[in-house]
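Presented sequentially are two complexes of chain A, the first with chain B as partner and the second with chain C.
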Partner chain A sequence: MSGPTIDRRGLLGAGVATAAALGISGVAMGEGAVLAPGVRKADLAAALQAFRGVVGDEWVAGNAGSLKPWSKSYTPDPSGRHAPVGAVCPDSVEQVQAILKIANQYRQPLWPVSTGKNMGYGSTTTAAPGQVVLDLKRMNRILSVDVELCTALVEPGVTYQQLRDYLDEHNIPLWIDVPTVGPIVGPVGNTLDRGVGYTPYGDHFMVQCGMEVVLADGEILKTGMGSTKNPSAWQAFKWGYGPYLDGIFTQSNFGVVTKMGLWLMPAPPVYKPLVVRHKKVEDVARIVDAMRPLRIANIVPNVVLMMGAAYQLAMFHRRGEVYAGAGPVPEAAFAEFAAQHDLGMWNTYIALYGTSAQVAESERIVRAAFAAIDGEVMTEDQMQGNPWFHHHATLMRGGLSLEEVGLARWKGSGGGLAWFAPVAPAKGSETQGQIDLAHQILAKYGFDYTAAFAIGMRELHHIIALLYDKSDPEEEKRADACYRELVTGFGDRGWASYRTGVHAMDLVAAQYGETNRAVNAAIKQALDPNHILAPGKSGIA
Partner chain B sequence: MSGPTIDRRGLLGAGVATAAALGISGVAMGEGAVLAPGVRKADLAAALQAFRGVVGDEWVAGNAGSLKPWSKSYTPDPSGRHAPVGAVCPDSVEQVQAILKIANQYRQPLWPVSTGKNMGYGSTTTAAPGQVVLDLKRMNRILSVDVELCTALVEPGVTYQQLRDYLDEHNIPLWIDVPTVGPIVGPVGNTLDRGVGYTPYGDHFMVQCGMEVVLADGEILKTGMGSTKNPSAWQAFKWGYGPYLDGIFTQSNFGVVTKMGLWLMPAPPVYKPLVVRHKKVEDVARIVDAMRPLRIANIVPNVVLMMGAAYQLAMFHRRGEVYAGAGPVPEAAFAEFAAQHDLGMWNTYIALYGTSAQVAESERIVRAAFAAIDGEVMTEDQMQGNPWFHHHATLMRGGLSLEEVGLARWKGSGGGLAWFAPVAPAKGSETQGQIDLAHQILAKYGFDYTAAFAIGMRELHHIIALLYDKSDPEEEKRADACYRELVTGFGDRGWASYRTGVHAMDLVAAQYGETNRAVNAAIKQALDPNHILAPGKSGIA
Partner chain C sequence: MALWKRLGVAGFALVLAAPLFAQTSAAVSSAQTSAAVSSAVPSGTPLGQPLAQRSPTKTYASVCAYCHGHNVGPIILGRHLAGDTIRTMVREGRNGMPAFRPSEISPAELDALAVWISKAPGNPMEHGE
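What follows is the complex of A and B.
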């Protein structure tokens, strides 16, 4: 039953993090930190001390200086309640188990992160005060890649870059699907957050297959086919037998995922990226209505990004370059920028994959659909030298890019970014009302509408980058208030978020009703009775 | 935010079941029945009486005569422990809530079924003794069909036939995906059992979107986007926010699903069914290896069935027509039959969907792949008049057929059928060993190997129909023993089942390890502390 699985357990050297690289410079306990409810200062100190016994002094951080790498975030935190009080970096499942045992003993809550780089959602900061980051980035082994099945099994610390390099080094003709800032984030963390990418495998949770989860009591659960006697189907078949459990470990605090399987896309013979340009913001409804049937019929197989001109601009430019005023940048300024840079007010990036004949036929259908609504369909040749096209052409083949990090510097070097991501059905009728509401709320707080829409399969993600200057405490406060009004304002109209940062998890959870929360609370109580795993995550105490 | 949703709430007349149609002929309580643990005869009687107060006398059954429609099953039950002790048929969510309240009061377990026709998996019989069937077939409203999003929201009693008729009556160009015996089963029950069909939407749970679940305490949970303020995305976006819960209500006893959303496939411009014939049983490995990359690259987009000659024969013929001996039918007899009826020993049914150009290109690729391994690719024209081709050509476009019911009469009119369905990765190397093991175990008990393989995406389902004569008590006993040896024999080699009947749920659950069971038990205890919902389902008490 074995295939040509390449086992890399223990073979990796280059990827192993060092204490220095992680920025750990001290190991004293957190002084003056806000503790978790019911945890005394002595408990935290004792827990940190016990963690040192498990992972070694150099892999535990507990004072303000040593904690710096885990305290930085782009999301608003005006009252400083999201900073962790410690960090511990295990290297193995056994160490994770030992850490959980200690956490249970002292009731010290842990905040598990994989690579901890979900910028704009909180990085390694925590949903509630007083938590110790359980940083899994040292567990970065690519455990297997099955070339026939087009699957991989990886640990939480594995980055997309590492996986890409591994495939390249072994001449394996498989593609990965990356989210923004792919080089520094990884499949486990992004999938557990239910992140989305740009290729036909863009719905990461949909193409996830099999998990290993360390439960709060230290027991190891392997989901799906993982606990069968010869688990050769662990990465082949998602559902297993009985209740399908993987879902409850996503956007969740019910367990620590230490291994995850994922499906990879076979490299297609031909790849053809395209952009469809539209000149007016008001075209948005027509674009969504034209795209929906193409997505549902799989003519356009990838997750489609409709990038607004302002978002495109903010990727590579600073606000001061286009506008010096205090309030939101006027739309005319964005329009001028777009015209100057061969961009539309909407730039809809799609890609075709397959044999030349398949790609040609899909292109014919796509061109007909967009000709009918005044969309300009542009090819790679036509967009030669255009950095935005190049960026998306890279992403839609699973290529790696850090270019969007620039967004966080739109308003200054302080690095302020919070993603607001409400979901609607993929219908044109759902678009303009959202745009108007977003403009209205953002303008009230003095922020720009820098946004995109993404069409998954039947759903429309509205992806709004709330960009602010975090070095300005007043502006951080304003960004926090603005975000909260976005959540409730959109929520009141039925547009609830699919994901949010540590600063708004409770608020977003509230958009999903009390029964949902009660069920989550009951499962939490059953699986983690001491609430040591990430209390506050997704609004679950 | 509203689309052209067609609301059929209350509009359906034709589909409403009547007491007479359900075969309820008496309402006295079960006499001499095996009760559930801890339930006294008086509790059951009181519960049944209280149920009558909720749904009316005519919708409760409690004696052997009136229970007949719920006591019949095709799966082996030599000791009679799977027959229910009552049945209650609510017509609304409110009635379901009232019934659960009563069940909690008397600790009387309930066995929820949707249409109750999962032949070969137990129909309406129960995993453990003493349960009252909670039969939801009267809740058969098609609540909405969204033509733009290609989605539907239905109740548990809605059959595939009813949904197909509805789409036809309204000229809605959407396809459904049906399992075997589609006309009498429905999307809710089949999806909750994680059943599989034949089109590109064949993985029913994958294309499920949003549920309403009545929890054991009567609370109503709407999953995904269902509890947002204006749940227009309920059938558009599967995941919602926070832990994804839908999965834990599949193959489960954690709640009663009373509404379910599903995605429908837009009717393609061109549909082209094909069969690939192979002459030798030993070709199996080559077929799987040729098919896997076509499936993963979506060249062949549908769930592929590789039908063995014996299975094909058993659909339309009785055993006595080909062989009079006592032991298994010799392979030569199946080969002779196949040759006579234009069939191969393997008949691999695939279909192509799209524009003519898309279909032509896919056909070119498929033909090249199978030419390389001596497969004969045959079209509809070439197979004109062949009932097997016609059957599968119907299924692969979501067409309805009851033809496979004939399987249950292979060995006599007693109607004995138990599906055994182990899962492996879709690799040729996984096939022959399974076939040899199946032959060995089946022959030991005197049964035929009537089987197919199905290739989902990366997984291979081995679908073995254990066909026996249930009117012969000795043979029923043998079938039971044989099935159990199949489960453990395959399980020991790592081939665990993705689904099983009420007679073997505990045994199959045991193949998935103790931690899995402990997690399920903990969630069960949290959500249904009195264990009133289907104890024994999927091995969960």
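What follows is the complex of A and C.
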């Protein structure tokens, strides 16, 4: 297959190298901005001016001061290569089309975001230097809610809070499914990054149905049934006819998704959250092996979080409360603090949904499965006043919470957080080796193992929160190096990440092989020959 | 309308009466309180329309109150913080706090919010630092 004649992947880093040679500040904004390869300062200025003509002066940012809200990030960026050089905020599909036309004219790359709160993965910062954020948050219309089919069609700026409010104000008995920062993020962005929630509808891409995509040349594609003469099944039937296209617009830079359909779960008559506590870290394999058949048979229907004590404690406590020494917190210190707070070393949160009889029968099976491996199954009544239980009981019914933002305070006031999320099959044999490797790499760099496992239908996500003090430049460098070693170390053992932040997209993409990268490059070249959409996203130039 | 009702499931009334929480045995948790507070302040935006400008109480309940006064961020009500301080904190974030863009909290919403927070009395229901 023919590809681009220039090495665009190599060019992604060229801006930084040039800036360093010229002694330009690493903070890539305003007058000292590090531009995208091939873009001149006059091109950026002209593009920003043309954007103002489309959306109005107040919805374009292009200097250091006005760009601050788009530059805040929790992920490590020691060389300042991820800050955007501008931002433009359209409020309609027509404005998006006009902006893409201008971007093509000036070859100015754009970095689309929906709600821009992908905290720990980069927020509104960009994978490569010199990009203008295409901020879709103002496109926040809920376009339809079908109470019979239990579906919705929304724009990228709609938050889960907004959708929840709409359903409540209209007494519509449907649940939403949220990630851990639900109030300020939304279905489109989370689904496009293939994020998860914790009800039975937790695999967000699985319950996505139909997209409207503005392509780089301004054409509008409606996937699935959306382009037929009677698109009434747009939110009912995912697959349409011919090649299924929705997937290529997730974790990619092939188009700008401006509408997305999703399925909503009917509120069940009975909802029963439970936690299974285990006191020993080495119980991890037995828990996964016990949970796998329950998930596959759908007896436990929700995305299960198996939370390590350290991750749980980091939500509501600061490191100094647990351990005053230097270096990683010893396991014994976590164990002692966890016991004092009614937590196990593993706290596995599941929920049952349905009629009383369904829930009772499922609970009987679940209790038997965990009694066999010394699991302590606790109910909501038994966990009264336990903030961790209430946090997870909230998430497993699609309730809204920002309590996980507390993680950013673990190492002090600096607010550093990067999610590392390798994937394995849901087998106990895949767990202890990962934990040992994580401890080894994190300890080398002086960081704590604050982690959980999410158990899906067949897979196991290891979710490691790399928590560091971003206000300390030396620690930020160390966190960056640590993250890279986690990616490569786990990748070498076959545990590649399912998702990553803007700081490591190329590194993770490399683990999926050259053929995969060549196919992505060919699609990119066909759909966006000027490479104006988010070069560097998922390692695709 | 309710799927469970159509299935003839006993207990569907709970679905209709309490769609947000369904049937749980526990008292309302603190997290549920925030969501309930937010939902109690209607946004009133119809289908197909952009989100209307939110009142300061709605903005506070929909965004700020999930952290501030909820164990995550410091309590800010009743402290008579200066409006400029509030505006800067919202736009830039500080430490663990996210920055909120004009596309998320509009300039008009932020102006009203800053005035409201600076004048608001403390809320005894809030807790934390």
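Heads up, the rule we're going with is that the second predicted complex is superposed on the first by the 512 of 541 C-alpha atoms of A that agree within 3 Å, B and C clash if a C-alpha of one lies under 4 Å from a C-alpha of the other, contacts with A are read in each partner's own complex, and residues count from 1 in each chain.
What we mean here is this: contacts are C-beta pairs under 8 Å (C-beta built on N, C-alpha and C of every residue); 3 or more make two chains touch, one makes a residue touch a chain.
Everything numeric here is computed off the predicted structure, so don't read it as measured data.
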Tell me which partner A:Thr355 touches in the superposition: chain B (first), chain C (second), both or neither. both
Go through the superposed model and pick first if A:Glu148 touches only chain B, second if only chain C, both, or neither. both
Look at A:Pro273 in the shared chain and tell me whether it touches chain B only, chain C only, both, or neither; answer first, second, both or neither. second
Would you sort A:Ala216 into first (chain B), second (chain C), both or neither based on which partner it touches? neither
First (chain B), second (chain C), both or neither: which does A:Phe249 touch? first
Between chain B and chain C, pick out the one touching the greater number of residues of chain A. B
Using the touch definition from the top, say if A:Met260 reaches chain B (first), chain C (second), both or neither. neither
Which partner does A:Glu58 contact after superposing on A: first (chain B), second (chain C), both, neither? second
Identify the partner contact of A:Leu402: answer first if only chain B is touched, second if only chain C is, both if each is, neither if none is. second
Could you look at A:Pro69 and tell me whether it touches chain B, chain C, both or neither (first, second, both, neither)? second
Where on chain A do chain B and chain C both make contact? 148, 150, 266, 268, 355
Which of the residues in chain C come into contact with chain A in the complex? 1-4, 9-12, 14-16, 19-27, 29-32, 34-35, 38-39, 42-45, 47-51, 62-63, 66-67, 70-73, 91-93, 95-104, 107
Please name which positions on chain A make contact with chain C in the complex. 58-59, 68-72, 87, 89, 91, 115-117, 119, 123-124, 135, 137-145, 147-148, 150, 157, 161-162, 164-169, 171-175, 183-184, 266-273, 316, 355-356, 379-381, 384, 387, 390-391, 393-394, 397, 399-403, 405-406, 408-409, 413-415, 471
Residue ranges of chain B touching chain A (in the complex, touch as defined): 1-3, 146, 148-151, 194, 205-206, 209, 215, 219-223, 225, 227-233, 235-237, 239-252, 254, 263, 266, 268, 292-293, 296-298, 301, 354-355, 357-358, 361-362, 364-365, 423-427, 429-430, 433, 456-460, 491-500, 508-509, 511-513, 515-516, 518-520, 522-523, 525-527, 538-540
